[in-house]
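The following pair of complexes shares a single chain, subunit A, combined with subunit B in the former and subunit C in the latter.
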Partner chain A sequence: MPLKVMQPYAASAPKADWFVRTRVQPLPYLLLLPSLALIFLIELYPFINGVSFSVHKGSLLGTGPFVGLDNYLRLFNSADFYNSLWFSFVFAFCNVAISYLIGLALALFLNLDFPGRGICRVALLVPWIVPAVVSIVSWKWLIADRGGLVNIFLNSVGIGPIYFLSDSGWAMVAVIVIKIWRSFPFMMLSLLAALQVIDRTLYEAGKIDGANGRQLFWYITLPHLKNISIIQAILMTIWSINDFETPYLLTQGGPSNATENLILLSYRFTFGRNDVGRGSAVAILTLVVLMILSTIIMRQQRKAV
Partner chain B sequence: MKQYRKWLLLGVGLVIVLLVDFPIITVALNSFRTTETIISSHSILPTQPTLANYLYINTRTRFWTFLINSGIVAACSTLLGIVLASLAGFAMSRYRARILASYNQALLIVQMFPLILAIIPLFIFFRKLDMVNNFVPVMLVYTLTQLPFATWMLRSYFDSIPRELDEAATMDGCSPLRIFLQIILPLTVPGIAAVAIFSFLFSYNEFFISSVFLRDEDRMTMPVGIQSFMQQYSTDWGSLMAAATLAMVPTLILFLFIQKYMISGATAGAVKG
Partner chain C sequence: MKAPKLRFRNIRLLAVLFASSVAAMVSPVTGQSKDHVDLQFWDMIWGGPEYIDAGKALVAQFNQEHPDITASYRSIPWTNWYQTFLTAIGSGTAPDLSTGAGYQAVQLYDQNAILPIDDLISDWKAKGKLDDFLPNTVEILKYDNHYVALPWAIDIRVWYYRKDLLQQANVQPPTNWAEFKAAAQALTKPASDQYGMVAAGDTLGEHLLLTLMFNNDGGLFTADRKLDLASDRNMEALKYLGDLVQAKTVYPASAGYSGEDALSAFTQGKGALFLTTPGLRARFPKLADQIGILNPLVGPHGDQGTIYWVNNIMLYKQGKHPAESKIFLEWWSEHEKDLWTKGHVTQLPTRKSFASDSYFQDNPETKFILQNYVPIAKTTATHATGIFPKLNDVEGEGALQTLSQSLLQGKDVDGSVKTAADRLRSIMED
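For the complex of A and B:
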């Protein structure tokens, strides 16, 4: 397909002009070749295989007989699948919404002029940049049943211990809170970058016209953040649905699958139960979910503004 | 009055920083306390600091193996990623062809692709080649996951080099490849270094792919190694915190080098797509 695109240029290009002549050269295609080879080897070819695995019975040792849509139908009849789908949605929605609000508030704050704000900016990015495993070690201690700081504090104010990791409801809360803590800095960073390029004179003009602070924010700041907000909402939804590390490292999907998202379910089928067929089917359905969600977000946000 | 408000804002800022970074600060503080004091004491500050946890990590665990493994995997995938991304970024910056627009779309898809979908077939594929517990598959997957953002960022750095330079060099008989290697690359070294550090950090921090492929203790990267500590000594908080503290030292150092590129990077990565 790429070579076909070249033909018309090759046929019509005059030889005189350097710029036109370079267009004809095969160089851009050669430059892309290594990257395309990697994408093919590590993503496209496995993807095709994955589609095929999802319609076969199979284990990690080898592919079995063709079973049609049986793997998918069994998923649609299992409570585990709906449970994971539900948790993935809750997880993604809470993470995107709350990270956005925190990120926006902090971006607005860090956009104010005060001494030491550079240090604050850098320090607030730390939760995002630290390895997931390090933050999970820390949080696991903070919310531990025995000797954990949160429970020591709760105890001292007279509230009984909360078993964060053995109660399904609290485990969900814990996974979501930690995910928000890990992802709001990136939201903050992007929004801050967008805030910094807003033309200052707009605010001056607004003030001259008698706008108050809330109006300035509503009619100048927010519209300028529209594009980056849409992009960030989509990216963060995708990243939340695709997140493996936070739930796996904290709870391994437990207790009783309460914090098992689609990725963990696929992982458990494949590597835990050695059922590659259903594991791949879950992974394909995850891709479908991602595509549907990003389309919905794009539509909604276009309509809204 | 104005002055007073500025200092008030700084105070608020510091309180927020303390709250947000609290879990990270406690890791470092707890690494200097024994597990017994971590569990029993009600204060956060180490009253009798000790290096016992670090000595334990040093003598009784494979910590340094994990660190070296992580370094090898991250360095190789970063190097490969920079080569691939700078070639593609140069093409996207200097040429106009329909394939380049399609390639940009492909990068977008790479960025949103659920990795588990690729990991299952890749695991089976590399298992047949007897390459589980081998760094190569992990490095290749890391390179791929870094490709979109590295290409977009490098492209924006190349875009900032005026095209007049290319044209002048062409007049003097310089080939496009030499323009790239001898003019554009040397001029964008700081940008390339920033992208390289980003990529390195990403690979160094990554857990999922490593945990699928690297199961042998000799081959584990740092995050996988710490996770296996967590499973073996789930209540030995002192050693765990020491390992976690050591693990984040390289991350924080590298982060300080690139923090000023962060904001431009965030916009290049997100908006360009």
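For the complex of A and C:
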């Protein structure tokens, strides 16, 4: 005869069964809940707000009327948007590629055993440690046309002064070079950390098998740097596309909008023109661009290495 | 067991202290009557530290003379000024009244944040008090058939020149465009890193373009506020600047210069002619003898003109005491001379009675500008008569700055103007 007292237990049994069946422990998820709630509040609310602004004709004082995709369509018909998109790509590509190569070269160098290695490591981290405003303003002084050390040197070797921030082409070069200078220590540090965990016996085995230095680098070092390189490339792409301070402090996007990236364009629309709708649309499109770029980088690098 | 009790006592003590502090902060000041009014006056920083001191002293004097009103003075820095006001309005904490940028009042009026002062103006008109203001300075601030603010100062751009450099090159101060171009060529000595003219690619670059356009009877707008950048007179003015750049008479770094960079180049003798704000002689006393002001240039068709802004004081709708705010506004407007005599503002007063004071008349620089530049000055709205809200976006968006950077780099004038006109049109259509 079945026991009636078993009924209440039977009613709650499927839930308990599910945890037992799937071996899922509920406690860790419960502990995560407060953090997840905070992240949703900090990340999701501004994002939803941004999307909402981008489909309204708003000002800094209010959201304004709903305009659908009009802000996006107007951007797609605007030369300023394509100019900013182009500069953002050039800026990000040059920064990621060149800072990676410099960082890799320096990481390989610092992975060698030589006297003064510690001092070199610290010295090479300086561009990363110094606050952005300090380093960018210092660079601005260095490349100034009057009294800047770079131009004093160029004058001394007979090359006339170069007006780095007054010519569209040179301004692009200056902004990119200074960004690379600020970025390479991150690349160097991460790659150095990855290099130091490669098992030395792999190199010894390779040497015994007759591999030369190039082959050791190509078949042992590079594959071990694959994962960290993917992460670095994605992070640096995001940081480059999102970089506000470098072009703003150096050129404010000028001259003639030559160094205006998507973030500066968003800033100009929002605060210069009081057009929060279009400023938000630029920000949302920047996010889309970043997601596409990150996906492409991940796929390409996984295929390549 | 004692420790938890002690902690609990401490918490209670802290709670009592906190509550009493909050109560002390929110309670009215002892001795003030129920009808006592507190006003918030936000003043932009229009000068050095002495300006803020002069402003505070004036407010203290007002408070002394009006025992039932206490005005609080708050200095507002120019950095992110627009966001500061919009945030305050958006959060319902706008001041009772404030000074602000030239077109701030009309733009905020359009967003239902400004209280018109029509009654005050009508009253002053009846009493003849408006006669004390320089011509057109009050009417410029009329928008949508309402007076949205009261003028207090004029910000203007004037042409300065280096007397020493002109003497060395045996060049007379130019009086018209043809002479200006010839002088710039004669003063240009690239080997000595000296050029005829220095300019900037920031807002000062925009002011240079507007000044040249006004100097040729051009302007950004038609009388009915339609965009008119590519008009014949404007194109002639912009091509004139383009010609100066092509002739390599403009300091080559100008496109990337800020106003301060350009000023520094001017004081170092890198450029002999420079359009900027008044007050250079006071700022550089050691160079004062070497700095002269040009007569307003005469354009190729006999026109004169420069850019100016009529800075103003405005009342906010969120203010709880409009009547007392108007009392303060009236008092401030009639007593603010100390802002110049003690605060050393470089702008010029809009009141004739202040302008005729020995402080201005004994200073040859300000006297000259008041006599020669102010009467020919025009606002960004030109040829429209009054200012309007879009002017703030037009200036803030930077389309004309970009145009000045392109022209100062020697880029094609027609193409650069077309790009700028498209951008401006897009602002106007919003």
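Observations on the model:
Going forward, the second predicted complex is superposed on the first by the 266 of 305 C-alpha atoms of A that agree within 3 Å, B and C clash if a C-alpha of one lies under 4 Å from a C-alpha of the other, contacts with A are read in each partner's own complex, and residues count from 1 in each chain.
Here is the rule we go by: a contact is a pair of C-beta atoms (placed from the backbone, for glycine too) under 8 Å apart; a residue touches a chain by one contact, two chains touch by 3 or more.
Predicted model only: the values in this text are computed from it and were never measured.
More residues of subunit A are in touch with B than with the other of subunit B and subunit C.
By the document's definition of touching, of the two partners only subunit B reaches A:W141; subunit C does not. Of the two partner chains placed by the overlay, only subunit B lies in contact with A:I39; subunit C stays clear of it. Looking at the shared chain after the overlay, A:S78 reaches subunit C, while subunit B stays out of its contact range. Contacts of A:K226 after superposition on the shared chain: neither subunit B nor subunit C is touched. When the shared chain is aligned, subunit C comes close enough to touch A:S256, but subunit B does not. Looking at subunit A, you'll find residues 60, 146, 271 touch subunit B in one structure and subunit C in the other.
Interface of subunit B with subunit A (complex): residues 6-7, 9-10, 12-14, 16-17, 20-21, 23-24, 26-27, 30, 38-40, 42, 44, 83-85, 87-88, 90-91, 94-100, 103, 106, 110-125, 127, 140-141, 143-144, 147, 151, 167, 170, 176-177, 201, 204-205, 207-208, 212, 222-223, 226-227, 230, 237, 240-241, 243-245, 247-248, 251-252, 255-256, 259, 262-264, 266-267, 270-271, 273.
Residues of subunit A that touch subunit C in their complex: 57, 59-62, 74, 78-80, 145-146, 163-168, 171, 251-252, 254-257, 268, 271-275. Those residues of subunit A lying in contact with subunit B across their complex are 2, 5-6, 9, 18-19, 22-23, 25, 27-29, 31-32, 34-36, 38-39, 41-43, 45-47, 49-50, 53, 60, 106, 109-110, 112-117, 119-127, 129-142, 146-147, 149, 152, 156, 181, 186, 189-190, 192-194, 196, 227-228, 231-232, 235, 238, 241-242, 244-245, 248-249, 263, 266-267, 270-271, 276, 279-280, 283-284, 286-287, 290, 294. The touching residues of subunit C, when paired with subunit A in their complex, are 80, 82-83, 86-87, 89-90, 107, 111, 113, 201-202, 252-257, 264-265, 268, 270, 392-393, 396-398, 401-402, 405-406, 408-409, 411, 416, 419, 422-423, 426-427, 430.
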